[in-house]
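Both of the next two complexes hold subunit A, though its partner changes from subunit B to subunit C.
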Partner chain A sequence: MAAPTLDTTRSRQGAIARPHPPGSRRRAPDHLAWLAPLLAMATLFFLWPLINVIRLAFTNSTLLRDDYSYTLSTFGQALTDPSLPGVLVTTVIFVGASVAGQLVLGLLIALIIQRAISRKLRGAVLVRSVVLSAWVMPGILIGVIWQIVLNEGPFGLVNSALASVGLAPVSWLSDTKLAVLSVVVANIWRGTAFTMLLLYAALLTVNPDLYDAAKVDGARKLRTLWHVTLPQIRPVLLVNTVLITIATLNTFDMVLALTGGGPAQATEVLALHTYNAVFVNFNLAGGCVLALFLLLASLLLTAFYSRVLPEEQR
Partner chain B sequence: MQVPFLTLAGGCRRAALAIVIGGVLAVAIGACGGGDDLVTIDRVGRAEAPKTLTVQLNASYSPQASTPEAAAGFKKLFTAWAKRHPEWRLDLNIIGGTMTTAEQARLLQKAKVGQAPDCANVDSFTIPLFIEQGVLKPVEKYFTKQQVADLFPYVRKVITGPDGHIYAWWWSTDLRVLYRRTDLVPRAPRTWAELIAAAKAAEKKDPKVDGYLFNGGRWEATTFDNLGYFWSQGGKLLDPRGAPIFAEGANRTDMLNVFKFLRSAVTSGISPSRVTTFNTYDEFSTAAQAGTVATFLGGSFQWPTMQSLLPKDEFKKWAVSELPGPRPGETATGTGGWSMAAFSKDPAKVAACMDIVKSIYAGPGNTVTGELPTSRRLFDNLKAFQAPIFKTFRRFLRDAEPRPGLSIYPSLSNELQIAIGRVLTGSATPEEALQSAGDRVEQTYQLLTGT
Partner chain C sequence: MSTTTAGGSGTAARGARPRRRTARTRARIDDVWTYLGLLAVLLFFGIPLLWMVSLAFRNQQEILVTTINPVPDHPTLDNFGQVLRSAQFPRFLLNSAILSAIGACGAIAVAAPAAYAFSRMRFRGRPVLLVGVLALQMVSPLVLAFPLYRYFASLGLLNSLPATGLVYIAILMPLATWMLKGVFDGIPRDLDDAAMIDGATRWVAFRRIVLPIAMPGLTAVFVITALLAWAEFVVPFILLTSPAHLPISVGILNLQGTYATNSTGILAAGSVIAVLPAIVLFVVLQRFIVGAFVSGALKG
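On to the complex of A and B.
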């Protein structure tokens, strides 16, 4: 059997061409065949629903009537809804604070676990398991758990703890500002494990020689973290940021169970507002307009991710 | 590179893992009906039964009810039904306590595209909406004329379609009442002013109690419970055509009176600001159990719960009265409850669904849950409802009003929940909150009716 010859001619980009068997014709890979299953799935489960959402946003359709007509007025109504600015502000605070909190805590826990394992300390597995347990719980359950924890009655866990050390009870869920903070804390608790998992895996890929070099150069821990660790895990950090931002943007189950969007509309985020538009007001078209806002926000974040991510990681 | 904590090494760890997985599987198989039990977490009847009926139930009306007595009661009833009908297997879809009202819109959607369960719990006030959408099957032939005639008039009215057919069987009803601890509030307050004064006096007598608790969070009961105060003044939510009028003319004044009363309950200190977080009636019974509430606006269905939760001596202190009004003698209350309806086109399945209603819910289910029957005959004959308190509830039902079962109601309720929340938190004046709610409901009404 003849050995394959190595074609060492360089392509226009300068890369060395791959070897191919003698006599075989070089063909462009069949991209379409390779992509067909993906395209079929994406069309069926993403593109088709998306096209329908866009189409319905330009109608006056409701969940109750089968007939509808095409109109631009639904956009006008959705955009001039007096409650929308408040909902958007709440959403920005909820998403921004949740993402920041999950990143900081997730990174911190990942670093602690990495350090614990490198020092062969016991309990690292336990810490990981405890953190991960929050991630696998359904959002509704997390809402109910935090409702018990933050209940402002005499039986609420946090207020009971405060009372035991002589502190006054706190209006965790009835104060309009604190309620937003409470929802953010619950969401951070829920999502930190995902960040921890990704960043821990990323930390393991960092070349230990870089830490040794930093040590030789006399870098302290914080400088090492800033100049060595974070740049090394930057791609994962960015992907993680985009993923958790989109996930948080679409969160409504946990908020629904914890506060229902209240008091009044203080914790009504855009995803919950969309849910209410469709399933409470039966306003399918209005819900589709709001869903497009959510999609737009997600697309903008993905575009941002594409720009920020280094070329070689795309 | 391997992530260490995702790998397991060593025979000891593998053995431990095998034991854990085995244990989990054993529990899961048991829970999913691997045994011979006729009632499992998601099934009633034999797994290999030739006929299947998909049934959607509220958790509280199923063997998965949170109170052990109710769970045991329904398990017994379903087991007996399965023994009598060995040819049927019921595939259960259980809806959790906090999601039951929200589930109604999803159920309607599923029904419209032909994916509803064969038989389901339907919130009584949404029955007209389901009838309007043409997704329910007539069920009167499964009941005698006498059984239909025995139903309370408001019940018959709601379950009967414009064509005269009966489309669901409303089997449990309830009403809102004022609960009070008689050692702290001896006399039933007849007016809002009397309630505030009595609650203040109670707080003075026992500083650890809240004078008056009521639903103020983002859920249906916040609107429904407090609507009694609106109706007692003669307020109307909708005009005869179904258009919202609660924020107009005299109705506006009536609703503003309610908002101002609720706000004064918080500002006077008789109600804590945390009422805006309440999204379950359990808040009241838990507070009663802890001895931290003097009066609360609760449901008749809480009486049996309180009876089982509180020590006998403590329970003796509690009494109920009609809701106070702005002036003496003005009282009204909301009545709700749950029905069973059939969505299947298969007559055998509709018949099985109605057999479940008759065998498990209408009568036996009332006894298990303590929720009031909708039939005069059952009210008179069921042993569980012979105590004086149930005669009282039956008397109060005379002033009870069901919610309008029209498509605009969920939106109206949602906007009133927001408005009440804004008033209670002080983030809007009653006038601003009502204006905003009225405008938004009107906009939704125009969308829904295409006007």
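On to the complex of A and C.
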């Protein structure tokens, strides 16, 4: 891919072998050749589609016919869509609860695994592998698995377990409130590994002297966690929070397989709603308006992210 | 240290350093809590996986029995046989393999030179471009897929694996660029400088010196991008519409639609087969991946 531009420099290697002093004239265009493939791909598959999403949002285009005209009314229609408030509330609950759950659980697991490994306890690597297995699975599969686990039929694991202790079955997926809870739990199950990995790595960077100092001062473990550990890994925590927020906001594969957005749109998150607008209702322009919202939310989070990113990584 | 072997003996020795003994006992108690924590985590994350595996080996009658015993009375491989003999399923796996290979190799080919430039060269606009690459990572493939669907349709590229593979490369390359920049940052500049003083061009220094040293890092990036490609959903879901071209991450939905009402076992068997390549690859190469995260955090 990089070959055409770079081959010209390579063919010179047999010629006069002379170092290029730093700051020589060849340097200025040099980096462009190295960046060219990336920039080309970014233009073709990011910039150009993005321009078109914005353009299409100002049209009345649908998937059913090719022609369209420019209009502002799509924005009005998309914003006054009676199902939108419900979708937004569901999205906020889904994203908020998933992120909070993943942060708390991810930190807890990272702490447990770090302690287990530092004490050379058995099983830490096994547990880490199992948690990571959930993370590498395609979202559709996760939806399928949780559909089986929470199924209200005889093979549903949770209801079978409840039955074995004499409790009545629970409609995990057909009750509107419980369905939201189920989707959140499945999503926490899916995404916690990422937080665990990042925070585990961050915990390894905390200077052990700080813990010793806290111990000498007689600090209890929870206080040490709150006043020593968490401030030390604060940058990673922030970055991690932004990343999983964006990831959660933009997924709908797991939800699609688990509940399909139902019952009665109870679990239809914004990303799924956006997909449905285009490919179920064939309203391309309306979908592009919603896509712009998703994009805007992600970009605001990214702007925040680049501010909290450590200086030297920028 | 005889005192470390806890129990009723060695009273005299214990009396000598009471403080240390309590610290040890406390550490032991904490170990128990740690084990309990590990067990709880293992159960929460492992049981759904175990249940899926269990259902995959059950026959039709046993699936309909309400039980929490994961071991079936009459384990069977029928579900696996039916999935693998089906017309579509092996095709899904192959398509996934093709798309993952294109995506991971392509992303590295595009990202490696760019990451090297970001790591080694100082040029105008570098910080802006770096944040720009990061911003690409944050753009949902869903947003890109709408206009791409339109244009792929007009170009006749819907259901084209190579064209879809290009989109995979595009959405994987931002992450690959950032990770590879981290990898190259960890390799001393003196090495390529020395090669260039000896007359090598930058390209040769990059290919002959830097890339071979970066191999563990490249492997980690390859594994992570391949896994992400294996799990990618939105892009193939929208750009590939015929069953013959679907990867497994979308194809399972078809399986769910076809069988869910009458045979959960087949769905479970399909799921087991679908995650196996990802999990095996992941567990085998876990060290690289955890290592990549750890080195990233150490630098941060």
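FYI, the second predicted complex is superposed on the first by the 260 of 314 C-alpha atoms of A that agree within 3 Å, B and C clash if a C-alpha of one lies under 4 Å from a C-alpha of the other, contacts with A are read in each partner's own complex, and residues count from 1 in each chain.
Keep this in mind: contacts are C-beta pairs under 8 Å (C-beta built on N, C-alpha and C of every residue); 3 or more make two chains touch, one makes a residue touch a chain.
What you see is a predicted model, and the numbers here were worked out from it, not measured in a lab.
Contacts of A:Pro154 after superposition on the shared chain: both subunit B and subunit C are touched. Touch criterion not met for A:His227: it reaches neither subunit B nor subunit C.
In the superposition on chain A, A:Val280 makes contact with subunit B only, not with subunit C. Touch criterion met: A:Ala134 reaches subunit C, while subunit B stays clear of it. Residue contacts after overlaying the shared chain place A:Thr176 against subunit B, while subunit C stays out of touching range. In the superposed model, A:Arg119 makes contact with subunit C only, not with subunit B. When the two complexes are superposed, the chain touching more residues of subunit A, out of subunit B and subunit C, is C.
Contact with both subunit B and subunit C is seen for A:Leu204 once the two complexes are overlaid on the shared chain.
Contact with both subunit B and subunit C is seen for A:Ala257 once the two complexes are overlaid on the shared chain. Once the two complexes are overlaid on chain A, the subunit A residues touched by subunit B in the first and by subunit C in the second are 124-125, 128, 140, 144, 151, 153-155, 200-201, 204-205, 256-257, 279. By the touch criterion stated above, subunit A contacts subunit B in their complex at residues 60, 62-65, 77, 81-83, 117, 124-125, 128, 140, 144, 151-155, 171, 173-176, 200-201, 204-205, 256-257, 259-266, 276, 279-283, 285-286.
Against subunit A, the residues of subunit B that register as touching in their complex are 1, 3-5, 96, 98-99, 102, 105-106, 108-109, 112, 132-133, 216-219, 272-277, 279, 283, 286-287, 290, 292, 407, 410-411, 414, 417-419, 421-422, 424-425, 427-428, 436, 439-440, 443-444, 447-448, 450. The part of subunit C that touches subunit A in the complex is made up of residues 27, 30-31, 34-35, 37-38, 41-42, 44-49, 51-52, 55, 63-68, 106, 109-111, 113-114, 116-117, 121, 123, 127, 129-136, 138-144, 146-148, 150-151, 166-167, 169-171, 173, 177, 196-204, 227, 230-234, 237-238, 248-250, 252-253, 256, 264, 267-268, 271, 274-275, 278-279, 282-283, 286, 289-290, 293-294, 296-300.
Listed in rising order, the residues of subunit A touching subunit C in the complex are 1-2, 6, 9-10, 12-13, 17-20, 27-28, 30-31, 33-35, 37-38, 41-42, 44-46, 48-50, 52-53, 56, 108-109, 112-113, 115-116, 119, 121, 123-134, 136-141, 144-149, 151, 153-155, 157, 159-161, 163-164, 189, 192, 197-198, 200-202, 204-205, 235-236, 239, 246, 249-250, 252-253, 256-257, 271, 274-275, 278-279, 284, 287-288, 291-292, 294-295, 298-299, 301-302, 305-306, 310, 312-314.
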